[in-house]
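Dropping a structure here in structure tokens format, bear with me for questions.
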Amino acid sequence: MVTEPTTNGNTTGKGQSAPDKMVRFDKVVKRFGDLVVLRELDFEVAPAEHVTLIGPSGSGKTTILRLLMTLEKINDGYIWVDGEPLWHMDQGGKLVPANEKYLRRMRPKMGMVFQQFNLFPNMKVLRNVTEAPIYSLGMSKDEAVQRGREILELVGLSDKVDSYPSQLSGGQQQRVAIARALAMNPKILLLDEVTSALDPELVAEVLNVLRDIAHTTEITILCVTHEMQFAKDISHRVMMFDHGQIVEYGPPEKIFSDPEHDRTKSFLRAVLEAR
Amino acid sequence: MIWDWNFALNEALPQMLGAFLKVTLLATILGSVVAMVLGLILALLRRSRIQLISRPTGWFIEFVRSTPLLVQLLFLFLVLPRVGITLPAFTIGIIGLGVHYATYTSEVYRAGIDGVPKGQWEAATALSLPPRRKWQDVILPQAIRNVLPALGNYVISMFKETPYLLAITVLDMVAIAKNIGSLNFKYLETFTIAGLIFLAASYPAAVLMRKLEIRLGH
Amino acid sequence: MSGFLSQFGEALPFFAQGVVITLELTILGAALSVVISFIFGLMALSQSVGVRFVSRVFVEFFRGTSLLVQMFWLFFALPLAGIQLVPVATGVIALGLNYGAYGSEVVRGGINAIPRAQWEATIALNMGRVQRMRRVILPQAVVGMIPPFGNWLIQLLKGTALVSLIGLADLTFETQAFRDATGNTVVAFTGALIIYFILAQIFAVLMSLLERRSKASIGQPMERRALGGLGWRLGGSEAA
């Protein structure tokens, strides 16, 4: 069962791991040039918890996912994943910046699904899904292929294993991308606006697959989305961001129907009107 | 050490620099003028609505581009006198370089013309500009401005191919390098100097073209 | 006309001998230049400033010093430094270095053209540097490199004519030999130009087949377009 965190702040001391948390941000700072995107951000995510990040564009939601996937470098603070620091490694009791070898050990804990799918166009569907398990996790080819087929069946694409991505619809491509991320057996699934690039009629098939995954697995999910109904369906907690900080957070029923902050109210109104 | 500084600096360099200025550079400049003008003519002929003009122009461009400049030079040098046209070797060299590179610049012009936004053509039509004004005042200035770096790069390429003229008896810098190098086997000095002079001239020019490209926003 | 044809027939043995050498130089020179292109193209993308600098110097040097000067340097000057190459090697090395310098820019550009998102996907899947390059980036990048490499192949074919100036019996050399033997200038040089043109068209068709195949191998259908031949490199060959 999911434990509701009591605060979003420091329940654990600075620079310490939180063994019972899957993700912990500890005074995380991210800058792009002079622009501060995240300012001393603190929050925690419990194992198997599903958290949706909402907020206006530029509020730093996507940056959080990209920091976790190590696509952006952290400027200050600590990120803990599964009880271990992500951007730092322990060297004689001191935390020093992680090297590539350490990052490669940590990355398989996360899987990411991108807005633009980012499938490999030179590989057929099955190979997109088996490539990383074989060459990055060292799985045997037979095992990877078997697992790949299973996962592709899970996302409803058994009949497309021999197609190239360019031969699929956007919704199908995004389902392959979900399968590709899951094939790495990650503990955390990062969903970065996974339906934003899709034609409206293709959104449902992708969300249905993700709902299934959310409801039937123990995976931890961090999700950035503008699909409020989907957020309601799968999240245990919704966090509202603005200017790199958390404005408020709580269970989706609370945030969506009775938000406390004006910022949240106006944001939700704008999103609903835009639809 | 087999390198003879005295020979290199006091004998080879002055003679080679002289030939560089009088032949190599002059051939590049004159050849470029031919290539720029003829290239534009070819580009416009190629756009002609009359297929009897546009098709053969396309064939001519493709043929000249697909065959070696060296053989074209020899062809002009040896065949023209047989049909009664006698020209100095240097002039034939200019024609050869100019025509060869005109087939390249014609494609550059064409890309430039195609790159002028549709709105500009429509505006020219809407103002009912006569064809001559449309081309001269609206289309070509924009087209050529955008392709200046590409044209410049072909001038640099031509510059590096001017030594081919030595095959038709023109005494360019490389021919001089070969001649004075052969006198007492000092090729190492003469050809090294030749290479460095080419590098010293073409590298800054190439950097300039790259800067121009960036400024024009490519 | 029949006179031309019968004289062309006389020239054929000369042409045939020369074409063999021209093709040999083209193929070996192209092979060497592709190897050099990839070595220096990949070096240009290195994280190390030093490695990038070495690549830059190589590229600028061999692009900037003129193919003919490089060939003469290898043929006339290098033996004076005690290194004697067989003539074919001189031609192949000069062609390989010169066009390899241009080709390395093709490799660099082809890899740079792969969207950042593809790199990010490889990080998200925890791929190593070698695996990322070999299995994801290069297979896609190579497809984009084929058309510019095709253009350079034609340039290289034309460049082989220079070897006649260092005494190699290629098509240009044999053309002059035929002229010297018969005094038939028009047939000799018209014939040579036509043969060069045909060779260039053959290479153009082969490269367009290669492009089609490589596109298919990464699941990109090739847009319908007349295969090879006239106007292949001129884009849409119809006047606008």
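Which chain is which? They are A, B and C, in the order written, and residues in each are numbered from 1.
We take it that a residue touches a chain if its C-beta (ideal position, glycine included) is under 8 Å from a C-beta of that chain, and two chains touch if they have at least 3 such contacts.
What you see is a predicted model; the values in this text were computed from it and never measured.
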item	value
Closest chain to the centre of mass proxy, which here is the mean CA position	C
Between the pairs B-C and A-C, the one where more C-beta pairs touch	B-C
Chain whose Cα centroid lies at the greatest distance from that of subunit A	B
Centroid spacing, where centroids are CA-atom means, of subunit A and subunit B in whole angstrom	56
Euclidean distance of C-alpha centroids - subunit B vs subunit C, Å	20
Gap in Å, rounded to a whole number, between the CA centres of subunit C and subunit A	47
For subunit B, residues contacting two or more additional chains	none
Subunit B residues within the subunit C interface of the complex	2, 46-49, 51, 54-55, 58-59, 61-63, 65-72, 74-75, 78-79, 82, 107, 114, 160-161, 163-164, 166-167, 174, 177-178, 181, 185, 187-188, 190-192, 194-196, 198-199, 202-203, 206
Parts of subunit C lying in touch with subunit B, wherever the complex brings them together	60-61, 63-70, 72-73, 76-77, 80-81, 154, 157-162, 164-165, 172, 175-176, 179, 185-186, 189-190, 192-193, 196-197, 200-201, 230-231, 233-234, 237, 239-240
Residue ranges of subunit C in contact with subunit A within the complex	117-118, 120-121, 123-128, 131, 135-136, 139-140, 217-221
Residues of subunit A touching subunit C in the complex	69-71, 104, 107-108, 110-112, 114, 116, 118-124, 131-132, 135-137, 164-167, 180-181, 184
